[in-house]
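Some structures to go through are shown next.
In what comes next, chain A is part of two complexes: it sits with chain B in the first one and with chain C in the second one.
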Partner chain A sequence: MTASVAAARPEVARRTRRRGGIVPPWWFAVPAILVYALVVLYPSIAGAGSAFTDWSGIGEAKSFVGADNFKQLLRDDQALGALRNTLLLTVAIVVVQNALGLLLALGVHTGIKSRLMLRLVFFAPVVVSPVMVSFLWKFVYNPAPDAGLNAALGAVGLGSLRQDWLGNPSIALWSVAFTVIWQCAGYSMVIFLAGLEGVPAELHESAMVDGAGTVARFRHITWPLLAPAVTINVMLSTVGGLTLFTQIIAMTNGGPGYATDTLSTVLYKQAFVFGKFGYSTAVALVLAVFVAAVSFLQIGYLRSRETTA
Partner chain B sequence: MTLDRSVSRRRLLQLVGGATVTATVAGSLSACGGDGGSSSSGGTLKVIGVGDQEAGLRKVLDAYKASHSGFDFNLSFAPADQVQTALRTQLGGGNAPDVHVVYPGNGSAMSMAQLGKAGLLTDLSSQSWTQKVPAGFKGAFQHDGKTYIFSPGSSMLGAIYNKKAFATAGVEPPTTWSELLAVCDKLKKKGIVPIAVGAQTPWITQLIPYALVPGTVYAKTPDFDDKMSAGQASFADSGWADAMDKYLELQKKGFFNDNPNGTTYEQATSMVGTGKAAMAVQVSAVLSAFRAAAPSPDDLSMFPFPATDVAADNWIPAGVVVGIAVSAKSKQADQAKSFLDYCGQQENLNTWAEAVSCVPLYGDAKVDPALTSFLPNLKANKAVPFMDQRWPNAEVQPTHFAVVQQLLGGKTTVQDALKKMDEAYRKGA
Partner chain C sequence: MKYRPRTFLLELVMIAVAVGFLFPVYVLVTLAFKDQQQIANEPLSLPSPPSVSSFGEAWRSAGLDSALLNSTLITVASVLLLIALGSLAAYFLARTATRLSYSLYILFLVGIILPFQLGMIPLYQLVDDLGLLGTYQGMILFYTGIQLPFTVFLYTGFIRSLPADYTNAALIDGASHLQAFAHVIFPLLRPITGTVLILNAVQIWNDFFTPLLYLGGSGHETVPVRVFAFVNQYTSNYGLVAAGLILAALPILLLFLFLQRYVIRGFASGLKG
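For the complex of A and B:
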């Protein structure tokens, strides 16, 4: 309604908004746009050009190789293995982190006295540097039977579950995923909490009057109204999962072997370890396009779900 | 000049835009007294080294500063794993430090040949010490006939062992492969881990193959590197397979600590230092780190790690240790070159070599007593440089790290692992 009125009388609408101070003049953003263009847009676009060269990252020697780097990517076993790892990690992170975040949010969205303290506790890992968290978890994952997680398992009679958490190629990826989930679940929780705060209490009250139980109220009231929070959480954790880098480098450096390599670690290694900056930029471009495509598809689907909910 | 600068800036922006932004290691050191920086001939030399170099490099820099008024330096160190990221970013951006770490030969992204080829290093050929580089080492120091790197000498690669642990099990350093297996067996029965392996730290994974390959490959085919570059040999069809089989045999017999892939270099060092493990295959440059981890430094010594049962075939790996070079873009190139010339003087060379337990590049100074068992092989010309120094690109070595971790994790076979290394090798320069 408001939109159609504004469209019919644009002059009035614009003036009204200005007078109300809702839309500040666009040129207020110029300094920010300039800085952004200089430090983000220009280097990104200039850097993208390297994807079509064989530049080593140092020195002057550089020649145009067309789409060779992209063709090579399709035949690169290491990159394809990394793509598989990236997708597995992303699915694990999106599903588990958000499920855990939702459970935590529902748990602390109560009237109990310690709820603020609990929120703080669950959110605490988010504010710690990912490198610090990785080193902390390297101690937890110490393979010695009398250290860290293995010692804890032994103490509760689950000694048979002891593992070489980061050294076993079959387990390492999931160990890293768990660390990321542990750190970021609090973040999802906060977004879900904000969503929960927006659910009108009257709806629950009237549903209760109608005899709806906890599960029914969650399914028919809370969950549909949480749709915007789900959209944000899924988007953020998907992008985080697809570009996961810090924790991998700090905990396993992509190893053992190639077991925990992701697209981000592959592009890093190509640039700085193998000295193939051109190829690395090609991987980076493909990753960027992939992340953008997945995000658009997701947001399209999740937003349509929000409107029908 | 202006053009140079604009190119540099563009490069830097490209680096920042195209890949992950990396931390730079340059620290800022407040000028510490004296007239540092005020003299026109002096100024503060920016130096970045790698951790293993600290003991030697710092000593020589301090000595040079004491004898040269107006000279000061700003020295910082980066861990080996980060040197490639941090320094390459600076090199790419055209703002490299005046003097920085460089690896000898070819085969890593920060090696002398790769950086020399890219025109990033100053030619040192006019310095007198370069004439004394032994013929066999020239490939490590020179590219296209020009010397680009200074290194204090060669490091031995063998077993660093804990004498007390050996005494507890009543064993002596072995001289053949069979003896080695017997020694490991006895140690294991005494409840001592025979060999500590910290394969979670990537560069550790290569050390056992490097120790075995001189015996299984080079003793029979001394020109193996030439054959490889001519395409007449491969890792998969050579004694490399034998070396890898032996690596796995040691693991299958339970002679390593549990979970080598989950164990780091630091943990392995501490295991040997404290006698929980009896030995670790290592380079002599880290002897000081092992000694620091032991209750008494005299507990530790070294012996050549035998690869075969034919004593004459047990060649040793002796690689030129990581060195330093002068950046081609240094604004204080004269100062920097004068410092490298100073490093090349026998006395200073000896000081540095002693601090990092290596055999000096030339001259006959005393070496660390732990290395005496290696000297007969050196004299008999039964020593080969570390294998990566002749590899053609920076991809073979990381591939080697990864396939060893896969082998130790039971995720690949020796043949598949070596085929992967062959593929990486054939990608050329």
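For the complex of A and C:
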């Protein structure tokens, strides 16, 4: 209110001081808020609202059905399977991608001559579209015994490990996870590298003088100081894993059967294939609550680790 | 740091890891340079003799020239809008300490963790009602809105770390708020503007799902959407598909090679907060 009253006065009167500077006019924020409200806030609220209706997506006709969509979700084996897949994928991606990213960062943060070249190699997949990376890996996962990964396994004498990587329901999910990890490990690596640059070299030098080995120095110096990088990496890969969509649509379309369906692909299919928009937004709301809850828990836990470390 | 035998050993290990890491790229490149018969007979070997005919055909049948134009137009317009709207809003949020501005800041932050799937369907309806399905404007509006929270977050953090006094002199000299922002504040934001530009451009350029939904069949499809359709159409012609994928990924990879220092720094600093 005060802002709008002040805005009506001449230029000079608006220049009240706060935080040691002259306050910018409130309308600086208006265009951004309007676009944000139109594209994100309004649709999200509307989406959450229609989760309690039987909306078919065509026309305005919808009636309030309370928690029916959520009850249906609890009985829907496909959705429950997708929830399980989503959680498994997320855990695999968070753990492996960040462990690999950390190892790569430690490896290229040393005095090896090829370190700059290697950073480029490991990071390059990050800038390529996930759709294209997915198609690239479909070549690698070619089910023929003499193509792609199978051929490479045969060539190094591991022919017994040959698989139908995307066609075998018990493996397909992990094949997709590995593609995501391959693409995003460089992303984690870069954030860890930024963290490693903040570790003072003197700490390592004095610890070395005291006789601390590589492992001890990592445990007591590097790892605690990397805490903020760990927080960011874990947060990003968790949200990425929970909302994973493109790679699955491009590589398996949720199959074979429902073996690689996730919450995102289920809500997409329910809406745009089966025309059950109300039910679909209920799945979306469950996904949103999951993402929010996990994010808050992680921020709380990881931040406390940062300050005590 | 001295180069010891241990360093050499590490060097070998890391190079071996990189070779394994590049295996998918080897598969893709060799496929693109082989003819159908060679792909069937010796799928993993080097192409001999290499044939480049797949590339011309892939370029034409995927319609990559117009897709590149569409992607460029949508990405550039969205990023420019994000920089303009995001920096202005963040300047207000970072420089005022009222309850209103704090609530607005939190409201923007919520957008970072809100999965877009929640609003996906109502937004589709809205874009349709506004007559923006299949248009550039619809996509630009969408990307500006969806990427604003992250952009505002980056700018606000940066502006808070700047001393507040810079604009006062300009304002006292009689400049308007907008002039002071454009001539004094905005140039100071250059490092974070670089980060905002790179992170948003990569995100928008590579997005697949939204343009598939909003632009499918409009003739305005972006590169990922064209490639998706192309791959599904020529699914059994591995050489052609591989060539198409390489051509589609090449522009962003070349850009990355030129800007790699800034890209990597942007990713790291942008996300360190």
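Just so it is clear, the second predicted complex is superposed on the first by the 279 of 309 C-alpha atoms of A that agree within 3 Å, B and C clash if a C-alpha of one lies under 4 Å from a C-alpha of the other, contacts with A are read in each partner's own complex, and residues count from 1 in each chain.
By definition in this document, contacts are C-beta pairs under 8 Å (C-beta built on N, C-alpha and C of every residue); 3 or more make two chains touch, one makes a residue touch a chain.
Values in this document were obtained by computation on a predicted structure and should not be read as measured data.
A.B. asks: Give one of first, second, both or neither to describe whether A:245 is in contact with chain B, with chain C, with both, or with none.
C.D. replies: Both: A:245 reaches chain B and chain C.
A.B. asks: Going by the contact rule set out at the top, does A:111 touch chain B (first), chain C (second), both, or neither?
C.D. replies: Touch status of A:111: second partner only.
A.B. asks: Tell me which partner touches more residues of chain A in the superposed arrangement, chain B or chain C.
C.D. replies: C
A.B. asks: Check the residue A:131 against both partner chains and state whether it touches chain B (first), chain C (second), both, or neither.
C.D. replies: The answer is second: A:131 touches chain C but not chain B.
A.B. asks: Quick check for you: in the superposed arrangement, does A:46 touch first (chain B), second (chain C), both or neither?
C.D. replies: Both partners, chain B and chain C.
A.B. asks: Scan A:271 for contacts with chain B and chain C and give back first, second, both or neither.
C.D. replies: both
A.B. asks: Between chain B (first) and chain C (second), which, if any, makes contact with A:253: first, second, both or neither?
C.D. replies: first
A.B. asks: Look at A:143 in the shared chain and tell me whether it touches chain B only, chain C only, both, or neither; answer first, second, both or neither.
C.D. replies: Touch status of A:143: first partner only.
A.B. asks: For A:280, select first, second, both or neither according to whether it touches chain B, chain C, the two together, or no partner.
C.D. replies: So A:280 meets both chain B and chain C here.
A.B. asks: Which partner does A:165 reach: the first (chain B), the second (chain C), both, or neither?
C.D. replies: So A:165 only meets chain B here.
A.B. asks: For chain A, give the residues common to its interface with chain B and its interface with chain C.
C.D. replies: Looking at chain A, the two contact sets intersect at 39-40, 42-48, 50, 57, 142, 144, 245, 264, 267-268, 271-272, 277, 280-281, 284.
A.B. asks: Chain A touches which residues of chain C in the complex?
C.D. replies: For chain C paired with chain A, touching residues are 1-3, 7, 10-11, 13-15, 17-18, 21-25, 27-28, 31, 43-44, 85-86, 88-89, 91-93, 95-98, 100-101, 104, 107-108, 111, 113-123, 126, 141-142, 144-146, 148-149, 152, 164-165, 167-168, 171, 176-177, 181, 202, 205-209, 213, 223-224, 227-228, 231, 238, 241-242, 245, 248-249, 252-253, 255-257, 260, 263-264, 267-269, 271-273.
A.B. asks: So in the complex, the part of chain A that touches chain B is made up of which residues?
C.D. replies: Residues in contact with chain B: 39-40, 42-51, 56-61, 141-145, 164-169, 245, 252-259, 264, 267-269, 271-275, 277, 280-281, 284.
A.B. asks: What residues on chain A touch chain C, complex-wise?
C.D. replies: Contact set of chain A toward chain C: 2-3, 11, 15, 18-26, 28-29, 31-33, 35-36, 38-48, 50, 57, 104, 107-108, 110-115, 118-124, 126-132, 135-137, 139-140, 142, 144, 146-149, 151-152, 155, 182, 187, 190-191, 193-195, 228-229, 232, 236, 239, 242-243, 245-246, 249-250, 263-264, 267-268, 271-272, 277, 280-281, 284-285, 287-288, 291-292, 295.
A.B. asks: Inside the complex, what are the residues of chain B that reach chain A?
C.D. replies: So the residues of chain B touching chain A come out as 10, 13-20, 22, 81, 84-85, 88-89, 91-92, 109, 114-115, 117-120, 199-200, 202, 258-263, 393-395, 398, 401-403, 405-406, 408-412.
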